[in-house]
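Report on the following structure.
Chain IDs A, B, C, D and E follow the sequence of writing; residue 1 opens each chain.
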Amino acid sequence: MNTIILSAIFGVVMMFTGIFVENKSAYRHIAAIALLLLLGFNIAESGHYNIFKIDTGYFLHFEKFGLLFNSVCIFSTLIYVLLSGRDIEKVGKNVAESFALIFFVLCGVGISTSYTNLLMLFLGIEIISIPLYILTGSEKRNLKGNEASLKYFLMGSFSTGIMLMGIAMLYGSGGSFLVEKLSVARLSYLEALGMLLIFFALSFKVSVAPFHFWTPDVYDGAPTVFTSFMATVVKVAGFAAFIRLFESRYGSMGGQTEHLIALAIILTLAFGNLTAVFQQSVKRMLAYSSIAQAGFMMFALFAVNDTAKEGLLLYAAAYSLATIGIFAVLAKMDDMTFEGFNGLAKSQPLIAALVAIFLLSLAGIPLTAGFFAKYYMLSAIVKTGSYLGLVIIGVLFAAISAYYYFKVIQAMYFKEGEEIAFAPVTLTFKYLLLGVAVVIVVLGIYPNALLSLLYF
Amino acid sequence: MPIQYYITLSIVLFCIGIVGVLTRRNAIIIFMCIELMLNAVNLLLVAFSKMHNAGAVGSDANPTAGVDGQLFVFFIMVVAAAEVSVGLSIIVMMYRNTHSVDVNFLNRLKN
Amino acid sequence: MSTTEILFWFLSVLALVGATMVLISRNPIHSILWLIVVFFAISGHYILLNAQFLAIVNLIVYAGAIMVLFLFVVMLMNLNSDTEPQKNNWMKIAGAISGGCLLLIMIDVVSGSSDMQNKTAIVKEGNIGLIKVLGKVLFTDYVVPFEISSVLFLSAMVGAVVIGKKEKETPNP
Amino acid sequence: MNQFSNLVYLVPLFPLIGFLINGLGRKSLSKPLISLIGCGVILVSFAVSVGIFFEARHFGNTPVIVNLFDFIKVPGFDIPFGFQVDQLSSLFLLIITGVGFLIHVYSTAYMHEEATQHYGRYFSYLNLFVFSMLLLVLGANYLIMFIGWEGVGLCSYLLIGYWFKNNNYNYAARKAFIMNRIGDVGFLLGIFWILSKTGGTLTYSQVFAQASSFSTFDVTAITMLLFIGAMGKSAQIPLYTWLPDAMAGPTPVSALIHAATMVTAGIYMIVRSNVLYTMAPATQTVVAIIGLATAFFAATIAIKQNDIKKVLAYSTVSQLGYMFLGLGVGAYTGAVFHVMTHAFFKALLFLGAGSVIHAMQNQQDIRYMGGIKKYMPVTHITFLLACLAISGIPPFSGFFSKDEILAAAYEHNLILWVIGVITAGLTAFYMFRLYAMTFLGRFRGTHEQEHHLHESPSAMTIPLIVLAILSVVGGFAGIPEVFASNAHGLEHFLSPVIAQNTESHQLNHGTEYMLMGISVALALIAIVYAWSRFSKKPEIEEAEGAGKLLANKWYVDELYDTVISKPLLASGNVLKNVVEKSGIDGIVNGVGRGIQYAGRQIRLMQSGQVGNYILLMVLSMVLMILLVFYGNNLNPIFNMFK
Amino acid sequence: MIPVLLIVVPILTGFITFFIREERSAKAFALLSSVATLAIALMGVLMQNSKQLSFDAAWLQMLGSRFTLSLDGMGKMLTLLTAISFPIIFASTYNNKYKNPNAFYGLMLLSQAGLLGVFCSFDLLLFYFFWELALIPAYFLCSKWGGEKRIPVTFKFFIYTFAGSLLMLVGILYVNFRTPEHSFAISSLRNLNLGVKEENFIFWLFFIAFAIKMPIFPFHTWQPDTYEQAPTAVTMVLSGVMVKMGVFAVIRWLLPMFPDASYRMADIVMILAVIGMIYASLIAIQQDDMKRLVAYSSIAHIGLMGASMFTNNAGGIQGVIFQMFAHGINVLGLWIVVDVIEQQLGTRKFSQLGGLAQKAPTLAILFVVMALANVALPLTNSFIGEFLMFNSVFGHNPWLGAAACISIILAAVYTLWMVQKIFYGEVREAESRELKVPVNTQLMLVILAVMVIAFGVYPQPMINLTSDTVSKLIAQIK
């Protein structure tokens, strides 16, 4: 509860900051401090320390997994704010409001990772979505931003409608909105249809094919800084919500559910990877790759066992950190095509090396966190004892994914480019980026560093 | 009234909303159709709420059974209102920039 | 056929006709007006189901506030049937067919649901839809989501301000 | 008792040392020093060999085996690096080191004009050659034999291609190596077959001891495979074409290859494996037929050759055919006998030819020679003696050895004998054609050549004389019973290593005299005819008709070229350009391109229009709901992924 | 401790090298480091059954993986090969100039660490880690310092092998899942009890990864291009050591884990391998580029190892292991000569070369020694291995053995062709440039030539080194 309440409060604080503080660069410092506090209190909550004694039993339930997931999200956001804070300032005029919205999103994330009631799921998802519609469109004069925002909004509301229909059907069948009341085994068609509709809607939120169409356009159109946030924290939070609902319960969707999810996974991997191969713009490539990564995270949903949850946590951390890192660098560049990266290794050796590490992590190369993330996902499926074919398809697509990630590395290291228009970066930025890379490598060598937190 | 009637009615309304979303290009109309979908859901929820309440009528076991369904409708309305404010402002913003509400007017983002 | 049944069928037909008219009207203003008709019909259903609170809120919030907002916007933009963008026909057909398929399948699935056979929604009686009952539950059991929805409003408010405020530069290409 | 035999490793060791010193020091050593080392090491080996030879008489049936170290020892088999000294190997040691030494001495003069560096290289190769050959005959098991076997192939490659600037010579060298390799593969397969039957040993004594338990099929297969090896090394049909081409090397090398080493390896190997061959009559028949065919076939070609060395080369092929005939009819001793006598006179012939070529300033075509008799008396006399020896005129050595083989052939099958005798006649004919055209008649070369014509230095003539003596008297080692009381000395000497000798003692003396008479008569007629014809009217014009066919060696090279080389190269080309590029790599790249293509197509779904997106979403919802509720029929498809 | 040192030394020095900007110091440091590694490897080889030869520590307990390193006979052999190769590579190419030498040498050392790790690890997941660690630096090395078409070619190589590795990863996950204690330790993986169908399936998952690495026909197409485009020093690593990873992995992991499937699939694999031998040899005959020729010849040689591994024959497997070492040495020698010629004359095309024996007789002799080793002439080291391998293939199936033996002939054809085209004949007019072989290169070639002969004449110590591995393996398979 600490996270939810505090993040709402901090959001309000940021709004007031916007009124009373003139200095724009102060916002991000305040935001960073707030995030640090948030992180602290969230961790404190894992140790059963609550500031507010509120009985939320009927709506929210806080457990290790959700809290750790929150921590990962908050930590990622912290890194994000630290790395990209300056870029946020450049977008639009309402900087403080942007920060406020980010905090509101975190509030939604907190709800999504701990709801026990479909009402809270609905509210959580909406609290996440509405600020994002706004952030996407926050560059008001940018037609791409307008377009992205409109698309996102229309399709988002549409999927909300679908989800509500599903919730209504579940209610009709079970008479309650409590998640735990949902039957483990399929009882009625109504309930099955309801689950299915919710599945569609959540698939939309985490951009699982064939409900992914908004993703590339929106990620591409949104201001780069917010794409970074959307593609990482928000997406993994969506997965947390997803797995919370379907954990051990997807049997209620009907007999062919396994097949359905398998199909969705294959489609997601195929759409994401194949389309990413063809992209010219790194930003758009990352958008497609985020779809592909979502395909991998769906493995957790398919397997729904302990390994899957651990893996999802690791995946969230690995994926978010690496993507935030890349986007932070991307935001400094004018030319976002692959050619734009040509020769980066020469002009910015350290940054190029770090970006390479992030890309390696995304590609799932050993000794990076991305490897273990993928490893856990695959392992989770293998542990179900069937569907080895799915795993094989997964790895083959992972190999394809290496293709487009390595294209960036190639551009940076092996191709000669003209002088790169690269916004000046501070030393702090570099060290921070280095820190992120270190975290990724540490998780790649010793993933237990994160996962053991689940069990102590 | 048999619950099937209500279910059918709301599904029909819901699907009309979907068809509207699919067949119109005016962003405002599309948005309205989405509102129509939400209302279909609301109707269904209320009907279910009364259905679940049916068992409670005449027994003291749980007189308020089904009340959460109606409360859910209340929250949907809340969210819908919030969405409308954001959505309409987005549409207005777009109209200001392009003088069009055609959703296909802007399609720089593709492929 | 009892009065309730007559009312039920009347309201249902009204809602469906209204909904259909929303999407076939060429003039956006007509669409809005037809949508208001639908909302009224739905409110009628609520009353039939003895959910007076929701019936009133529905009228106030939807038909009153939201639709008026829509109307404002449409009028602000001076939209009429001439400026209305039209989809090409095959897109319309495709949309109608796929929507129709969805309808058929959903109806088929739901009507096959065993637990919905022989269940009824109580009309005209039951007090859960009354303000007293709802209010009590809302402010006791449902206080958490009630408070949390304030965050939603806050962000919507921020959004409306951020996006709605006018900026002076020319649009970027 | 066996003090020499236990030092047998010294025999190959000295040539090896010579190889290393001359090879590494070829730039710093002076020519005389190189000659001294090159010849000296062989002389030492020869001395040790003589010692061993005299000890070997007393070995009886127990050869001396000297195991130096474990060569390959793994679970499943155990092959020591060991030498076996017995009568057979000691005899070959003597031939190799003895004749080899003479050739070395001869080379010091013959190669004198080479630059020091290449001179050193030459001698190191020669030493290596001798070393390999010694390994071949000394090995106590088939693997060591194989090492020497391949080693002589390598050395022939190096020596044939000695003048590496000339690409034709290089081709000849490569051809020799590859042809040998083909045979070697057969040999190797034979070794594998033996290994699979003996349970991991290749040591002769053990193999032969177990041989009785092999099935006939196995023995036949093993012996056939080994024979393929012999075909390559000893230039039998169909793998003989390398040998005439090997004339590209310096002439002493030809002498070494043809006389003392390399080509006799096949004979040695089969004699060594006589236990197996005796058990495989089918193989023996094949050996006999191929041997005879080669003998005849090569003899026909030799008739029309004009290159002095080519004639000798084909005569070698032909004589080797004889030896195989002997092996095929079971006359192992006869074959060895012929190897020995052939070593003497063929070395003599080549060295004589070398002497002539040397004097003629590298002119090798006999059409431009003639009348050299008076300029080079020593060469002339020794060459004539060798010709008589090879033609089988009594009492020269060739007569006895050839007679022993023919006698065995006669006993085996009359047809073999008839063709054998005809071939003998042909041999006499072409040898004396060569002799007459070279030494008799009028000199047909240029004035300058005539001016330079003179007898070779003593380093060349002395070996000629020694060899001539051996060619004359060498035959008495295996004189048949008809002529002497303690006859078949060689056979008695070799009897411990040859399990079962089918050579006849049953032929009565009358028949034997008759056979000898016929062959000698035929040879004499041929000699007289050739002498009279070619000394007066040398054959200078191009051959025509059947003669052209012979002159072009039956077009066998061309045949091989079209049947084997070209298809091989063409298939390589097809594989490289079609199968590899379009086929296998095409698939690999095709996958990549397919992915890109799919990416291009799929991205078109991303049309940028909300309506389309939602339409696709609704459609997929419909399909997915269908799948979940009505999709039981699709299970088989999904089960594929399980 | 020895295996840990083997890995840690190159990793640490590799990282340090990245920071040595000055070219000569970087070179010297890398050379020193590799010599140190060689010393450690030699210590390991000389030790008998010492506790120093293995190391075990907790690592990823949640996954069931431990940090287990150990050196058995085969491991010693291959670590020795790796350890010998790198100093020789560094020393023989000491005069070559590279852009960013610090990165070049650093990456080389890292890839050495990966290779050594592969050969030492006794934990399957750890093995996978090192497997990839060896690949990534190689990718960078080839793409950065390679020839004209380096980027697409290396990329193909990378994606190809990466896809293979990922398939193996699936296999690894599966076998881990099927061990009762969810372990990656070789001891528990040896006792897998799988059904026929699943064992076959998992077998292929592993085998394809290894086959791509080796490479075995028809997974070989990345290899000639990559060898051609990679800088020669890297080609040396790739073909001298890295391709051995695949062969090694089959013997270390595949055969013990799936003895039954290996037995069932032996024929298919062997037929593929033998086809590949002949196929590659025929293509090699048609090459005009030294590097490509050696590359194809390498495919042919590896094909024999691939066929022989599955014969279930102690001698054959011993031969494979021996041949890994021998082939590494030989091919290193060939590449060094290729490098010298390319550096000095600027071409590798046969059509532009000729008569080099007159310019550089010593080089010619050394090259001929290497070439002869390449055709497996007796008394060169590769004869021993090839003899054992051919024998085992022949013992398995005489027809297959006979077919495989065709490659002996073809090897002679293309190798001698290469020798002839480069060193014999007249000097080409176009190539009248000097050919001066640097002393260090010549020295390295001499060392290699001595090893070629020494192990060819007296191979028994090396054979004995690996007998423990083989006997254990055979006991497991039987």
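Everything below uses one rule, namely that a contact is a pair of C-beta atoms (placed from the backbone, for glycine too) under 8 Å apart; a residue touches a chain by one contact, two chains touch by 3 or more.
Because the structure is predicted, anything quoted here is derived from the model rather than measured.
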{"item": "Minimum number of chain-to-chain contact steps, chain A to chain D", "value": "1"}
{"item": "Per Cα centroids, the chain farthest from chain A", "value": "D"}
{"item": "Chains linked by the largest number of contacting C-beta pairs", "value": "B-C"}
{"item": "Chain closest to the assembly centre - both centres taken as Cα means", "value": "E"}
{"item": "Chain of greatest Cα-centre distance to chain B", "value": "D"}
{"item": "Rounded Å distance between chain B and chain E, as computed from the means of their C-alpha atoms", "value": "66"}
{"item": "Whole-Å gap separating chain A and chain B, where each centre is the average of the chain's CA atoms", "value": "27"}
{"item": "Inter-centroid spacing, chain D versus chain C (mean Cα positions, whole Å)", "value": "101"}
{"item": "Between chain C and chain A, distance of the C-alpha-averaged centres to the nearest whole Å", "value": "31"}
{"item": "Multi-partner residues of chain D (each touching 2 or more other chains)", "value": "603, 606, 608, 610-611, 614-615, 618, 621, 625, 629"}
{"item": "Contacts with 2+ other chains: residues of chain E", "value": "159"}
{"item": "Interface hub residues of chain C, defined as touching at least two other chains", "value": "87, 91, 94-95, 98-99, 102, 106, 109-110, 116, 145, 149, 152, 155-156, 159, 163, 171"}
{"item": "Chains touching one another, given as label pairs in label order", "value": "A-B, A-C, A-D, A-E, B-C, B-D, C-D, D-E"}
{"item": "Chain D partner contacts - residues on chain A that touch it in the complex", "value": "150-151, 154-155, 158, 162, 189, 192-193, 196-197, 200, 204, 210-211, 213-214, 216-217, 253-260, 262-264, 270-271, 274-278, 386-390, 393, 400, 403"}
{"item": "Sites on chain C touched by chain D in the complex", "value": "87, 91, 94-95, 98-99, 101-102, 105-106, 109"}
{"item": "Chain E to chain A touching residues, read off their complex", "value": "59-63, 128-129, 132-133, 136, 140, 143-144, 150-151, 155, 158-159, 162-163, 166-167, 169-170, 173-174, 176-177, 201, 205"}
{"item": "Chain D to chain E touching residues, read off their complex", "value": "69-77, 117, 143, 146-147, 150-151, 154, 157, 161, 164-167, 170-171, 174, 177-178, 181-182, 184-185, 188-189, 191-193, 195-196, 200, 568-569, 571-573, 575-576, 579-580, 584-585, 588-589, 592"}
{"item": "Chain A-facing residues of chain D, complex", "value": "595-596, 598-600, 602-603, 605-606, 608, 610, 612-614, 616-617, 620-621, 624-625, 627-629, 631-632, 634-635, 638, 640-642"}
